[in-house]
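The first chain written gets the first letter, and so on, giving A, B, C, D, E and F; residue counts start at 1 in each chain.
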Amino acid sequence: MKISTSDRAQVLTQALPYIKQYAGKTVVIKYGGNAMISNGLKSAVMEDIVLLSTVGIRVVLVHGGGPEINEVLAKLGKQPKFIGGLRYTDEETMEVVQMVLAGKVNKELVQRLEQQGGRAIGLCGLDGGMIKAVKMEGEHDLGLVGDITSVDVTLIRNSLDNGTVPVIATIAAGENDDRVYNINADIAASQIASALCAEKLVLMTDVRGLLRDKDDEDTLISVVNVSEVPSLKKKGIIKGGMIPKIDCCVEAVRRGVKRTHIIDGRIEHSILIEMLTDEGIGTMFL
Amino acid sequence: MKISTSDRAQVLTQALPYIKQYAGKTVVIKYGGNAMISNGLKSAVMEDIVLLSTVGIRVVLVHGGGPEINEVLAKLGKQPKFIGGLRYTDEETMEVVQMVLAGKVNKELVQRLEQQGGRAIGLCGLDGGMIKAVKMEGEHDLGLVGDITSVDVTLIRNSLDNGTVPVIATIAAGENDDRVYNINADIAASQIASALCAEKLVLMTDVRGLLRDKDDEDTLISVVNVSEVPSLKKKGIIKGGMIPKIDCCVEAVRRGVKRTHIIDGRIEHSILIEMLTDEGIGTMFL
Amino acid sequence: MKISTSDRAQVLTQALPYIKQYAGKTVVIKYGGNAMISNGLKSAVMEDIVLLSTVGIRVVLVHGGGPEINEVLAKLGKQPKFIGGLRYTDEETMEVVQMVLAGKVNKELVQRLEQQGGRAIGLCGLDGGMIKAVKMEGEHDLGLVGDITSVDVTLIRNSLDNGTVPVIATIAAGENDDRVYNINADIAASQIASALCAEKLVLMTDVRGLLRDKDDEDTLISVVNVSEVPSLKKKGIIKGGMIPKIDCCVEAVRRGVKRTHIIDGRIEHSILIEMLTDEGIGTMFL
Amino acid sequence: MKISTSDRAQVLTQALPYIKQYAGKTVVIKYGGNAMISNGLKSAVMEDIVLLSTVGIRVVLVHGGGPEINEVLAKLGKQPKFIGGLRYTDEETMEVVQMVLAGKVNKELVQRLEQQGGRAIGLCGLDGGMIKAVKMEGEHDLGLVGDITSVDVTLIRNSLDNGTVPVIATIAAGENDDRVYNINADIAASQIASALCAEKLVLMTDVRGLLRDKDDEDTLISVVNVSEVPSLKKKGIIKGGMIPKIDCCVEAVRRGVKRTHIIDGRIEHSILIEMLTDEGIGTMFL
Amino acid sequence: MKISTSDRAQVLTQALPYIKQYAGKTVVIKYGGNAMISNGLKSAVMEDIVLLSTVGIRVVLVHGGGPEINEVLAKLGKQPKFIGGLRYTDEETMEVVQMVLAGKVNKELVQRLEQQGGRAIGLCGLDGGMIKAVKMEGEHDLGLVGDITSVDVTLIRNSLDNGTVPVIATIAAGENDDRVYNINADIAASQIASALCAEKLVLMTDVRGLLRDKDDEDTLISVVNVSEVPSLKKKGIIKGGMIPKIDCCVEAVRRGVKRTHIIDGRIEHSILIEMLTDEGIGTMFL
Amino acid sequence: MKISTSDRAQVLTQALPYIKQYAGKTVVIKYGGNAMISNGLKSAVMEDIVLLSTVGIRVVLVHGGGPEINEVLAKLGKQPKFIGGLRYTDEETMEVVQMVLAGKVNKELVQRLEQQGGRAIGLCGLDGGMIKAVKMEGEHDLGLVGDITSVDVTLIRNSLDNGTVPVIATIAAGENDDRVYNINADIAASQIASALCAEKLVLMTDVRGLLRDKDDEDTLISVVNVSEVPSLKKKGIIKGGMIPKIDCCVEAVRRGVKRTHIIDGRIEHSILIEMLTDEGIGTMFL
């Protein structure tokens, strides 16, 4: 159905001030979940990123790539191994993780953005010493899974200054050794956003946002002040897989990112809607 | 009625490339007719200009002010006098024209743009020696009506560079004398657009555009190549009051303005629709 | 009589260091009184301003225009009304004040400066939100006479940076309403000078300066420290119409203007003499 | 044995003018062969590149990675297939080529340069649309082996401007399709050098240079004018595997690279010796 | 006698446009003759140069120093030797010439300019390879007297850009040998003015200018077009010592210096009068 | 004997990081002693300075010139007179000192640096008011020997910024009078280095450095912390002519120069060896 002239005018008069507000500002988007699997959603995400970048918003795209890693491991006859939901990464697996994230997924995203008319550059934590890490300490030995010790955003800044969208695969160089470490992409995105003093961090997920009642989408909480998070955890509203994601949001806000968002990647153009309309989507932390 | 999320996304994905295309480019808008009388339309025009300026488009607003001049002349007990549709401007009338255009209409537009959150500066052809003129030669003596001899856009460029919308009253300094001349606003807008190598010149009128059959709005001609204009005149499709307006459009295109438009100022947000949607409004000359 | 070569050399060796001292500095001149009425004095003032601007001094010209306002009011059959020496400004009068100041006097000064070879731009307090005001509170209701609440000198700075002399008509936009207010030009000049951190504020008047004995020009006080002003008021040396002018001088010095001057606009080239010779003219406050 | 003070002084007085000469100039190094396999040589090459970059020479490192590709193909149980010395690249192989070149070899070189104190960024032909290609036409169908159609060095220039060594894996985006193509690294290095108007192109090989008698290293030809190449081919002095390498050298010189070199990568610090001493190494084409 | 206010205003309104005209322009002054001997004149010249430099004129001071050289030669018991009016310069004399010009006269002028509040730097033709020369060829062997082969004004430009007055002693480095050559200061000034595309070259002399009748100062020729010079020579109006000076003026005009002047250094402040008044002094060539 | 390829590589890999470290940094070299007399050493010093300057190190050369002064005094039949090791400088002597230092030695060094391909400018303490002094107070009246009261390094900085080596003769303008003063070159170099916040001050001497046993060069002390100096004086290890030199070193370090060096000017290329090799030469103070 055709959209009327006055509806068009209304959408535009609403969006323009947002464009003005975000122009020249930095937005870090963690790309993952269904939005990375469905071909239609993938296209819409790429389109959104190119459009935002087109009007002068500095977009940084951070990605993981679990399903693709498993696929290559399978071809090599290697069984993925998870401990407490985290991938156990031995040396051979790490080599595959690096090749798939930095050589396959990363470059495919770059090529798609370029095909949409954008300008993109594929980077990983090794480039320019961007991300340094040490072996993660914890209950279980996870092999080459790393904890970030420092983030150097020089290359990211240079890329943004040159009008290019940096696409970042989350592997890191050892702070104290010559190894390469596998890094959780949500955490990397959060820390990169902090280091860039980003305006926004957007985590794309497969849920509507934070729900008061997880079975009822109408109970979506639109805005959470980070000081409320402990009480929401105590009440069991924040729980399970949402905990680490929301911790990333809280941490980013605490370190200076203005606003962080958990949005539903399953909705087409969710990024555009979130950024350029009064409505918003998902849950915002501030 | 609420506009759906996917409709919003569609309007935005359509508009963003236009914003990118016009960002940093100059658009000269000749403001006049009903859009300058109705309070609602006035507000919408001011809103459109502020929004376009907000996203980095360099907007120049050129205006006349016939009705307000007549009003003041009336208060002074002076009868307006027209010869062949043009105002006969004696010295006393010219003094009123100058005061009303540069002191009343111009400053009121500035104040309205400022109130909408824009940044505006009111100028006239005397400022910085912007417009120079000589007495118009013609069949009838029109008094202090002038023909433009030169346009210096330095002040306009400076204002645009400083992120300000220049609002321009079309009076001019005498090239060879100390007098002030009254200048036709369509012609001034066309020449200013040429001197600025503007991307667009938009003339707001009280008609839908150029109609093949003047009584049937469905016969609107959307695009006219300037080389077709002579034949359209011969066929009587361009006639009457449209002739000087279209001559301004043709002249501007010939001197390097990419595209010129005659749009219907009676439609709300006609400028925004023309500039940021695929549809367009009115007649475009190229 | 011809001036001798050695006299010329002496005047120049004296003036050059002043030119060096003021080059790049800002001087705000309040133009008014006889210097604005006599055609000869008008020409000399315009010449002085163009010359100072020529050698790199940043001159700002602030003006009122009482006599011209009265003239137009008379033509409209409207009696000017003064309460306690201040013009009562009803809505209709305000419209005339705006048209005359911003559309007539202001633009005429611009045109004269341009004709002398200068580069000038005519502004008023509405442009770029330069001057904001509220209704003046006081014993008597003066209508739309305003008290300044804020001064934004961005446009003035931009004009000076572009080598242009800003000529400023002292009307203001309502801080809390959509009205336009009439502002005292001495006060506006003083506040603009403060906001610009000007080197000098010069008020042109129709007196020699501050005289110890008002009937004896030989009793001129050349220099007054602002701390002496209260005692000079007590002694009755500062009195009557001089009080508000000297208050403007004191206020400007207190807010950071290096020196303020009350000079005699009836002396030809009084500005040039004041600024580029050892003698000086009138009374300086520091 | 300790080097004497006067020998040190001699080496330095010789090298400094070269450093001055090359500072700010661009040198493209094609890295391959034994220098990429032996760990000792690898270290020396990385050291040389970091040192040259340290003193302000703009070094671009272009690499292939045949042996590592074969290794991963073997793990996947896939037999490499060569036709006329060129790798037949089906889709599955291409995926491995991309992962190994852009994800493994490229990032390992980046990490080594960073460990040596350099600043490096890993790129491939997909980033920023750097290399575009079409399917190679020829006698045999080689699958996804590509011929370069365009080179865009914007990202390389940006990286060099930011003091970073770009390390480039030679895969390319399809000019007319969405595929990724495998590109010969010597040819890519040659074309990148041309596009950058490089001062030098250095191809690291496993031979001493061009020998008049291939079994006698004392018959090394130090300098070849590109106009002599056809006659050297006719005489059979340039033959076999040297032909394509020397064609790359000739092509680069013809397109504006000042000098191209075939040097012996088996000699430690061969790059440093070639660039900063009077002696030189290998064969220079000009 | 006191100069009246209106006389002061007249001198200033006359001078200011000249200051504007010359600000940022380069003027080369050849300093010599009586103005370099009388202490009073010396002071006035230094004062003039500091004042001109103060208001932004780029002044270059070129000087000789014959009398002072003779004085030191005398102390060393060495007889000056002249051939055809030119100093025969053997090696020992050259050493004295260099020491006196570059070490004594030059540095004394620098110190005097600094004492007057100016900023000066003492240079000679050896600094920065400014002046290169070969042995002068001619009828007589004059020893180390040189003909200029090239002038490099980089150092002079740098000094001017830094707001410093370059004071230049006219000795030169051998183009083809390691010797130092003695250079005629008028010629050096002329060539430096050409190389700088100076606005003016001013030669200070001990005559009123070019006189039609050399015994009658009222026959001064104020303006000479360089095309008239051959005829003036033929008529004997230009003769004797004036010939080489006027040749320098003509040569400079031919190579792009706008105007050259021969002025009377015996008149106090002759430079200031020449540059900042309508009258002018001496003879101008154009 | 030919230096081997691997030795060359070793020297270069050692030197390059030093070049990087010092590039853009300022090094002040006090040139004097034998290195200023022997022709071979002179050449090597000039070569070193040109090379260091070539690779972007900002070198300042400060010099005295005792032997040459004596030579000219002798020619003038004037006996040099020393009191307590310091030259008694009467007015006539001072005139000679100025001419020889600023006109002869200074300009000869400039010419030599230029001949080696460098870019040099000869300055003295009078230029740009660089060094101001008062008559030295002390036991004995030394005439026009001065104590530095202020150092203005503007001209030195400008010269360095323009890629020129400033060569500085150490005479100074009187702070309170019009005289010129003779300044000790070590002290001047130390104070210039402090004022420039130099990275290094290097004093060239005719000794190996500070020796524990002055007759045994193997007892050289390579590094001295300035806090050890008092105790080294007490022990008599620092004594005689070394005391003022080392005081200069200590003073410079105290005022912010990173490192100061006393090196043996009798060793060829001692500056290059000191700056670009791991070994170093002489004694370093920090």
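By our rule, a residue touches a chain if its C-beta (ideal position, glycine included) is under 8 Å from a C-beta of that chain, and two chains touch if they have at least 3 such contacts.
Not measured: the values here are computed from a predicted model.
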If you walk from chain to touching chain, how few steps can bring you from chain B to chain E? 2
With one step meaning two chains touch, work out the least steps from chain B to chain F. 3
Average the CA atoms of each chain to get its centre, and name the chain whose centre is farthest from that of chain A. E
Looking at E-F and D-F, which pair shares more C-beta contacts? E-F
List the centre-to-centre spacing of chain B and chain C in whole Å, with centres computed as mean CA coordinates. 36
Distance from the CA centroid of chain C to that of chain D, rounded to the nearest Å? 72
Euclidean distance of C-alpha centroids - chain B vs chain D, Å: 60
Quick one: do these chains touch in a line, a ring, a star, all-to-all (complete), or other? ring
So, starting at chain A and moving first to chain B, the ring lists as A, B, C, E, F, D
With touch defined as at the start, can you tell me which chain A residues reach chain B in the complex? 3, 5-13, 15-17, 19-20, 23, 47, 51-52, 54-56, 267-269, 272-273, 276-277, 279
So, in the complex, the side of chain C touching chain B is made of residues 72, 75-76, 95, 98-104, 106-107, 110-111, 114-115, 119-124, 126-129, 154-155, 158-159, 162, 164, 171, 173, 178, 180
